[in-house]
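Here chain A shows up in two complexes: once beside chain B, once beside chain C.
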Partner chain A sequence: MTRTELAVIGAGPAGLAAATTAAAHGVQVTLIDELPAPGGQYLAPAGAPGRAHAPLSAAERRGQALLDVLTGSGIDVRAETIVWNMAADRRLQLYGAGQMEELVAQVVILACGAREVSVPFPGWTLPGVMTAGAAQLLAKRHGLAAGKRVLVAGSGPLLLPTAERLARVGATVVAIVESAPMTAWMRLGTTMWGHWDRVREGIHYGWALLRAGIPYRFGRAVTAARGHDRIESATIARLDAAGRPIPGSETAVDVDALCVSFGLTPNVELAQLAGCELVYEPQRGGWTPVVGGCCQTSLAGVLAIGDMGAVEGAAAGMLEGRLAGLQAAHLVGRLPVTAVTEAITKDAAARRRYHRFGAALNTIFVPPDGLFSLAADDTIVCRCEEVTAGEVRRVIAGGVTELDSLKQWTRVGQGPCQGRTCGPILAQMIAQQAGRPIAESGVFHVRPPAKPVPLAALAASRGERDVA
Partner chain B sequence: MPAEAAHSGFTIEVDGRPVAAVPGQTVAAALLGAGITVFRHTPAGSPRALYCGMGVCYDCLVTIDGLADQRACITPVRPGMRVELT
Partner chain C sequence: MPDVVVVGGGIIGAACAYYLSGAGASVRVLERRWVANGTSRACDGLILVSDKPSPAESILAQTSAHLWAELADTLDQDFEYVRSGAIVLAETAEELAEAGRKAARLQQSGIRAEVLHAAGLHALEPNLAPDLAGGIYYPDEAQVDARLATVALLQAARRQGAVLQEGVEVTGLRQAADGRVVAVTTQAGDVAGDVIVLAAGVWSEQIAATIGLALPVRPRKGHILVTGRVPGLIRHPLLEGSYSASVHTAAEETQVALVAEMTAGGTLLLGSSREFAGFDRSVSEAIIRAIAARAVRFLPALARTSVIRSYAGLRPWTPDHLPLIGPAGLGPAGGPADLPTGLFLATGHEGAGIGLAPVTGQIVADWIMSGQMPALAESVRPGRFLEN
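Moving on, here comes the complex of A and B:
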């Protein structure tokens, strides 16, 4: 067993800000991430030389500066390490470099980020169909285009940089297909006030798309992907007000890749395992830990920050990370509480602006209800266990209205991803079919290991503990 | 491939065949870069590859150095690595 004053889980922008702030106040910090290098997805390092460089945004530059501070900060960085269990008393079980380790922390800051929300449609499991995030990382880190002829579809501002980045690495982007109507941008309009970096980015991407001649289509969705061993074509249809495809409006386009994105939802599994209280808040991106004051969860000494607490982006995450770092320094006795409250007061207005903007994005650019009718009865909804929509619909019709019961009846969520991908989809399907609020579908119960670890390593660690 | 990449690159073995890789690349990027677009087949026989690209969905699973079910999307390539597709 190892002890540390502060364990930060997740080395994205929020986690980096928290770790470096706490370390600057003399706190002993252990920073853990499952990726090979710190930075998260947002600050993913360039892997392949010769990649096409995109200009860095203000937030990216601040993130890069945090990475520079991290070097030589004395922070114990554990890369390629999975935290597979966490207890309420801040005991963490780690697996990295083939080894198990127990880490006990005085304070834990959860900065586990968010993942993309998917909508199932016929053909969505075909190779070449991937999330916009996957395509972005391939382009950013490796200079690789997801395909030669690519369609970008879904909902939200993330579609724009994805298309731009794809074009930059040589793909022909056939179109951006946005399910929301064009008026969605106007609804967002007023909340953009003060977010000048975002406005500048928006203008930059809009201009880049115009220059590259990439059409931006609203009120439409990809309704099917076809192909043998990979996607060969995609069907696009216009949507009615409820988001259902309008019959007769379909057109097919030949593509070898389709990048989809319907926004992000927080990765709450470790908070769940530890026993943090959760709440369903669409404005924050779905199920999130209940947080108050300085990112404090319902558990003493456990904070949740960044997209994991509320999907609001990197800049908001870095601001919260800094506050949480100060709070951690206070909790371990390195900083008077006044220093923390002063910082909270100073940043209150900025935080409110981020909350307002995040809430607008998380509620305006969401998959419309009607899109969940795209999955045919033989379309897979749980990718891991290959459970079809038809199977799920039969069980819901039989009166099962909670995710955990659905799991027992159909095996959904029992595969290696533990329902991370299908959970939000199934919650929607239950809510719509049973006519209940989505929060009542619940959230998949999480059992350790939160992410798969080799059985042999697990057995070895158990044996070691028995001996001790 | 840029000259610099060729210079610093190495090969990994995929189902017994050499595949070019560069330091910092993920296994998924090396596979896709070599034109390998199907990473595995499910028990029901459907082809799968990269989906979420960030370690969440477990769709891109391959066998790496004898260890089954490793995520190609977040595992970095290392010289001498052996990858098996299933």
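Moving on, here comes the complex of A and C:
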């Protein structure tokens, strides 16, 4: 067993800010991340030089600066390390470099980020159909394009940089298909005030798309992907006000890749395992830990920051990370509480602005209800266990109203991803079919390990509380 | 035809509902959360006859095994029944000799068994550790998916007219002036019935306690690990030789013995542990480490496989390792304890609940419908504890 003063889980922008801030105040910090290098998906290091990279935004520059501070900060960085269990007493089970380790921290900052939300449609499991995030990583890391002729579809601001980057690595992006109507951007309205960095980014991407001749189509969605061994064409339809495809409006485009994104939802599994209280807040991206003014969860000494606490982007995450770093320094006795309260006061207006903007994005750019009827009865919704929409619908018709109950009646959520992908989809399917608020569908119960760990490493490991 | 209220939507409640509704009773199943939410989803799906040392338990297990085979043919919904056979593993020559003596005893009560020496064992299961001395092959053991089996029984019961109400928590029992149990209490009001069948597993004890009835049932916790897909890694369920002993000891300390079961989906379920830990259902890292260590010892090829999930369930333990099936003997003062009255018990199966579910349902249904104790029930009648 190892002890540390502060464990930060997740080395994306928020986690980096928290770790470096706390370390600057003399706190002993262990920074843990699953990826090979710190930076998260947002600051993913370039594996391929050259044209895969656009000029950095202000937030990216701040993130890079944090990575520079990290070098030589004395922070114990554990890359390629999974936290597979966490207890309320801040006892963490790590797996990295083929080894298990038990780490007990005085303070834990959860900065586990968010994952992409998907909507199933016929053909979404075909090779060549992927999330926008996966396409971004391919391009960032390896300079590879997801395909030669690519369609980018879904909803929200992530579609733009995805299309732009794909174009830069040599793909022909046939179109961006956004399910929200064009007026959605207008609804953002005054919430954009002050987010000049984001506005500049938006304008940059807008121009880049124009220059590349990529059409940006609103109020439409991909309703099916077709092909034999992989995607060969995608069907696009216009949507009515409820988000249902309008019959007769379908057109097919030939593509060899389809990148889909419907925004992000927080990764809350570790918070669940530890027993943090959760709440369903669509403005924050779905199920999130209940957090207070200095990012504290319902558990003593456990904080949650960044997209994990509310999907608001890197800049908001770094601001919260700094605050959480100060709070951690206070909790281990390195800073007076006044230093934290001053920072809270100073950042309050900026944080409100991020919350407003984030809340607007998280509620405007969501998959419309009508899209959840795209899946045909034979379309798979739980990819790990290959459970079809028809099976799920039959069971919901039989009276099932919660995710964990659905898991008993079918096999959903029991595979390697443990419901990370299908959970939000099934919650929507239950809510719509049963006519109940989505929060009442609940969230899949989580049991260790949070992520798969090799049996041999588990067998060879030791813990303080082992039985003889 | 009697109105029967079944408390509990686990495998035992499901089997009771199925056989009762099949016999013409009007059945209502009350489940506090949802089907198989308790112990019936947190277990393996083995239907074993070879681990039951007492003749009484053995005859129940063999009867139930036949009923499972019948159900696999008759129920509409598939629950992945496979008559897979099972192998009890012996690490050393001494263990093999002991296992052989046990097998010989079981053969006398009609259970088929075959002693395997090292070569025979590895021919059947090439991925087992090469140093094992051998094992006993029991060809008639079977397996199901416990959760699907619960669902299949309840769906069949519904088609026979039973009503399933999920999200209704039974908080207690209500007695008439003469002591007969006439209703269950819930937050949504009382539900009356001619007979109440208490099939709430480890939670039965709390419900019975509301009328001062002390059931000798304690929660005994068991852990299971689920691996990533390894189809074909093993061809039969495998049980460490000490498994049966770990079940039958009353020891307070934690027992760990390997049980490995391949599911239809290709994931492997790895157990087992037995531990008295109250009603705590959380997963203990220490125990899943110990199970992982046993698994790798017997199946070295598992080393590279991942654990994707773990869970713990509470098995309803009784002092003599036999379930409580039959009337609770609450009735007009002075009446015999086995007289059918308002309250029937169907709990206390510990780790054998999946296997013994059909025979339990059949005993409960026969007894309630005929008013006579079925011969099979002699060893499991609750009167053995309740009359004094």
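Methods note: the second predicted complex is superposed on the first by the 458 of 468 C-alpha atoms of A that agree within 3 Å, B and C clash if a C-alpha of one lies under 4 Å from a C-alpha of the other, contacts with A are read in each partner's own complex, and residues count from 1 in each chain.
In this text, contacts are C-beta pairs under 8 Å (C-beta built on N, C-alpha and C of every residue); 3 or more make two chains touch, one makes a residue touch a chain.
None of the values given here were measured: they were computed from a predicted structure.
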item: Partners on chain A (chain B, chain C) - clash or fit; value: fit
item: Contacts of A:Val255 with chain B and chain C, given as first, second, both or neither; value: neither
item: Partner chain in contact with A:Leu361 - chain B first, chain C second, else both or neither; value: neither
item: In the superposition, chain B vs chain C on chain A residues touched; value: B
item: Touching partner for A:Arg411 - first (chain B), second (chain C), both, neither; value: second
item: Vertex chain A, arms to chain B and chain C (CA centres, degrees, nearest 10); value: 80
item: Touched partner set for A:Leu94, first chain B, second chain C, both or neither; value: neither
item: Touched partner set for A:Ser461, first chain B, second chain C, both or neither; value: second
item: First, second, both or neither for A:Gly399, with chain B first and chain C second; value: second
item: Partner chain in contact with A:Leu371 - chain B first, chain C second, else both or neither; value: neither
item: Which superposed partner A:Val453 touches (first chain B, second chain C, both, neither); value: second
item: Superposition-derived minimum Cα distance between chain C and chain B (Å); value: 5
item: Residues of chain A at both interfaces, chain B in one complex, chain C in the other; value: 415-416, 452, 454
item: Chain C - residues contacting chain A, complex; value: 33-37, 41, 147, 150-151, 166, 225-228, 254, 256, 265, 283-290, 292-293, 295-297, 302-311
item: Complex contact set, residues of chain A against chain C; value: 85, 93, 385, 399-400, 402, 404-405, 408-409, 411, 414-416, 418, 447-449, 452-456, 458-463, 465-467
item: Partner chain A, residues of chain B touching it in the complex; value: 1-2, 4-5, 8, 22-26, 28-29, 32-33, 37-39, 42-44, 46-59, 61, 67, 69, 73-74, 76
item: Contact set on chain A toward chain B in their complex; value: 34-36, 41, 45-50, 115-116, 125-131, 133-135, 137-138, 141-142, 144, 229-230, 267, 380, 383-384, 386, 415-417, 420-421, 452, 454
